[in-house]
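In this document, chain identifiers A, B, C and D correspond to the written order of the chains, with residue numbering beginning at 1 in each.
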């Protein structure tokens, strides 16, 4: 069934569908914490694990994580990757202007790891186990990027 | 073959146009919590989960992954089913086969839609957008201003052609569509999980809503709803242990027509009024359930009716009455909760449409009627056998489920 | 499952860019399958589609494929996941006694038409990950790769070794999309860096392709083929969505899925009883990681297993003799292609890539970021 | 519970490169310059497709036999539009027809002209009104008019 390219129609679809997501009760609490430069998590009444950012359910215990706890601003870099590419929306890859570090950060032994940018360190010098601390924007507004990045403590 | 029963049902506390207070998994978890309350089961009792919704409506790919922690599914098999409007019932059928195959004993079906976060119109258009764009390039005018552009001539789209065809072949009039829409809105007012409710609805009131595209009026069209439904199924042995009351699956069946195969012009819709898949699927379901005369043997029907005329049309297509008879039954009051062939006591899809749940709600509503748990919208007659109908795909796919108040003799 | 359901035939096709449409590919594969078996569309009792709406750029993306798949006015459904789950659903339908034959149809045109990474992008949380834009399929996989290497003290060369083995196998397999002749460690190691430690040739390539496969009850299988391949067991499981709560170096959901599949298949010691594995490893590190979770490799011994050739076509536990997903990943169809590749092995039809003894094979399929959800099927003759 | 904020996402179909079947429609458009309709016929069951299809959905075989189709046909269904696609009312009602052309087993849709909404009915005979200047595009078929 091999056929020529000309056989096909190749329509351009100039449509980008828009979605508007409600962030729900728990992420709302997280951002309220940001307004006071606090990192909040929700604690499971079953296994006492703390989810950061907070969410309603602990899937392991099937329990509602009603209790909010404040986490320290300093933690350990548990795992990291150095990005040499960036992925645009829609999954297009392009080379990064310069290498950058993404890290999974442990703020507390009971807390889930938080994925964030790690700056202020040469990517080739990054090591797992490094101590890192939160760096906030000067003006916090209760928004995603108030917690701007982590840097070596 | 094993017998399978419905042993638990959970809805979100409300079905409304916008749940601004919760994110998607938070909303779904409410229905899961209610299903556990309703059934007395715990997450540990669940062997497997089947999950369904229309994912382009919310722009989420395989949303069961994000929801996994909220639906008591960790460590369990989770299967995602998606067949369009029928998704809820297709998911139910998958859960049925999980158990009928002998591989699992207790399976939970989770369905939802949060229409307020997306756009159902564009989501639906997403089915055929590339074809429409190709047609534009070929000179079609999709606004229907002139030439070969009349894709339904308005926002009701191909549905209008279906309704016209139905009226022509049945001898019914637009007043009957008004009347069935009014009946369902009245029924919805007695169902706490319905969205559009109007205890005072009349055919005359519906007839005052503007025409979109003859014979479809605004009053004939389903709303877009936020909500989630969960249904727990169990094998016969397990059901005996965990449920005082259960609704038993006697048959499941489906049939697909063809949306298009490169036939761009005709491909926009298929078989507008004929809906042969409904007839074929129903026939198969009757055979599997051992039903000789559905009109005598089936006491209650839930029809998937995104548009009001479909209640009447599909009753005829699935052989619950003769062609041309449905509107006469409606006139005589037989389709009401007090009638001899009560239909959509829940208010139907035309009153509540969180799409992923819509076809499952047809099943759960039949189950509530069979178990006598439908509360204010419980029908007057005794219900021993009930039929749930689902419709979707690109207007070309039908699912049927037959339930009874007793297990089937195997 | 005691030889109740058999795979009786398959067709598959992959390439970096197939000049075709979804409809044409579906028709070509299903017509070919029917011709192989001497059957017509009426002989297929039910069809399960596995396509993805986001990759297809359509809502309800299978509803244009019913005609080309031969199920016009017939029975069908759709599992919107990796198609190994579709195979499991097809088995359930046959095991219920309702159907004698069931076809699974899966395809994706992700090479030319759309980026395959879109698949994972739309799986991420729209209220957090998609707003932050730190996580994507490749950065997630890189974190998993690092976690795995660190945990067991493996060097990054393990990734090169896995990739070279997979890509060499793929080069000899006419069904694969990425066939690099004479692929070497140097070539892999010098490919473009994506997210450390992953480089281009450690990752699957964007691929167009599809697979169809027909299952039949034991009775019907005997009429359709002399070489039935039996579905002996299957299992599936999911773990938490949140990467920050997962031990990325292991795959507990694969362990659970495999346990269930082995129980059903009556396999007590997979290392001794399984002859080969076809694993949907989308990135080099996932192949040993998943093979460990499947109980086929000793935990922590991956580096020596790959160096000693144990996992090669001629080794004692061949992993992905087909070349696996590093040779081609038409998203959704990949797990089903793994099953079809296992069938080729079990029938002794795998040509250059044929392993010595092939009586029991393990097939794996995955969904979700860092293989959040895993399906395992055991096949045998 | 309290209302929560919204964040956006999109599904960008504009980034997709779609390939869809086009042989049948391309051939049909070419012939339309001559005011002719070209489809194809299944050599096994005789089903006629317009535009031509590359396979027969009933027989599940590849098909190639061309079939010329009449520009006269019968109304299978119709609708009268009162609102545009966004739901805004139209200045005057608009007739849209679904027509099965003689000799074809599929149907096409188009605007109905020279007919009052109240006169339109299923089974009504119509024909295509061709444009005077035809360019090989769907606008060559201007509308359906009574036979």
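Keep in mind that, in the parts below, a contact is a pair of C-beta atoms (placed from the backbone, for glycine too) under 8 Å apart; a residue touches a chain by one contact, two chains touch by 3 or more.
Small disclaimer: the values here were computed from a predicted structure and weren't measured.
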| item | value |
| --- | --- |
| C-D or B-D - the one linked by more C-beta pairs in contact | B-D |
| Whole-Å gap separating chain B and chain D, where each centre is the average of the chain's CA atoms | 29 |
| Averaged-CA centre spacing for the pair chain D and chain C, given as whole angstrom | 40 |
| Centre-to-centre distance between chain B and chain A (centres being mean Cα positions), rounded to whole Å | 38 |
| Centre distance in Å when chain B and chain C are each reduced to the mean of their C-alpha atoms | 33 |
| Residues within chain B bordering two or more other chains | 20-23, 56, 58-59, 68-69, 73-74, 117, 123, 126, 129-131, 133-134, 138, 258, 261-262 |
| Interface hub residues of chain C, defined as touching at least two other chains | 19-21, 23-24, 27, 54, 57, 67-68, 72, 114-115, 119, 121-122, 126-127, 131, 240-242 |
| Multi-chain contact sites of chain D, meaning residues that touch two or more partners | 1-2, 4, 6-7, 9-11, 13, 15-23, 25, 54-55, 57, 62 |
| Chain contact topology (line, ring, star, complete or other) | complete |
| Of all residues in chain C, those that touch chain A in their complex | 19-21, 24, 27-28, 57, 114-119, 121, 126-128, 131-132, 134-139, 142-143, 146-147, 150, 192-197, 240-245, 248 |
| Contact footprint of chain D on chain C as seen in their complex | 19-21, 23-24, 27, 30-31, 34, 40-41, 54, 57, 67-68, 70, 72, 109, 112-115, 122, 126-127, 130-131 |
| Complex contact set, residues of chain B against chain A | 19-26, 29, 43, 56, 58-59, 68-70, 72-74, 114, 116-119, 122-123, 126, 129-131, 133-134, 136-138 |
| Parts of chain D lying in touch with chain B, wherever the complex brings them together | 1-4, 6, 9-11, 13, 16, 18, 20-25, 29, 49-51, 53-55, 57, 76-87, 89, 93-98, 106-111, 117, 121-122, 135, 137-143 |
| Parts of chain B lying in touch with chain D, wherever the complex brings them together | 20-23, 56, 59, 117, 126, 129-131, 133-135, 138-144, 146-156, 160-165, 168, 210-216, 258, 261-266, 268, 272-273 |
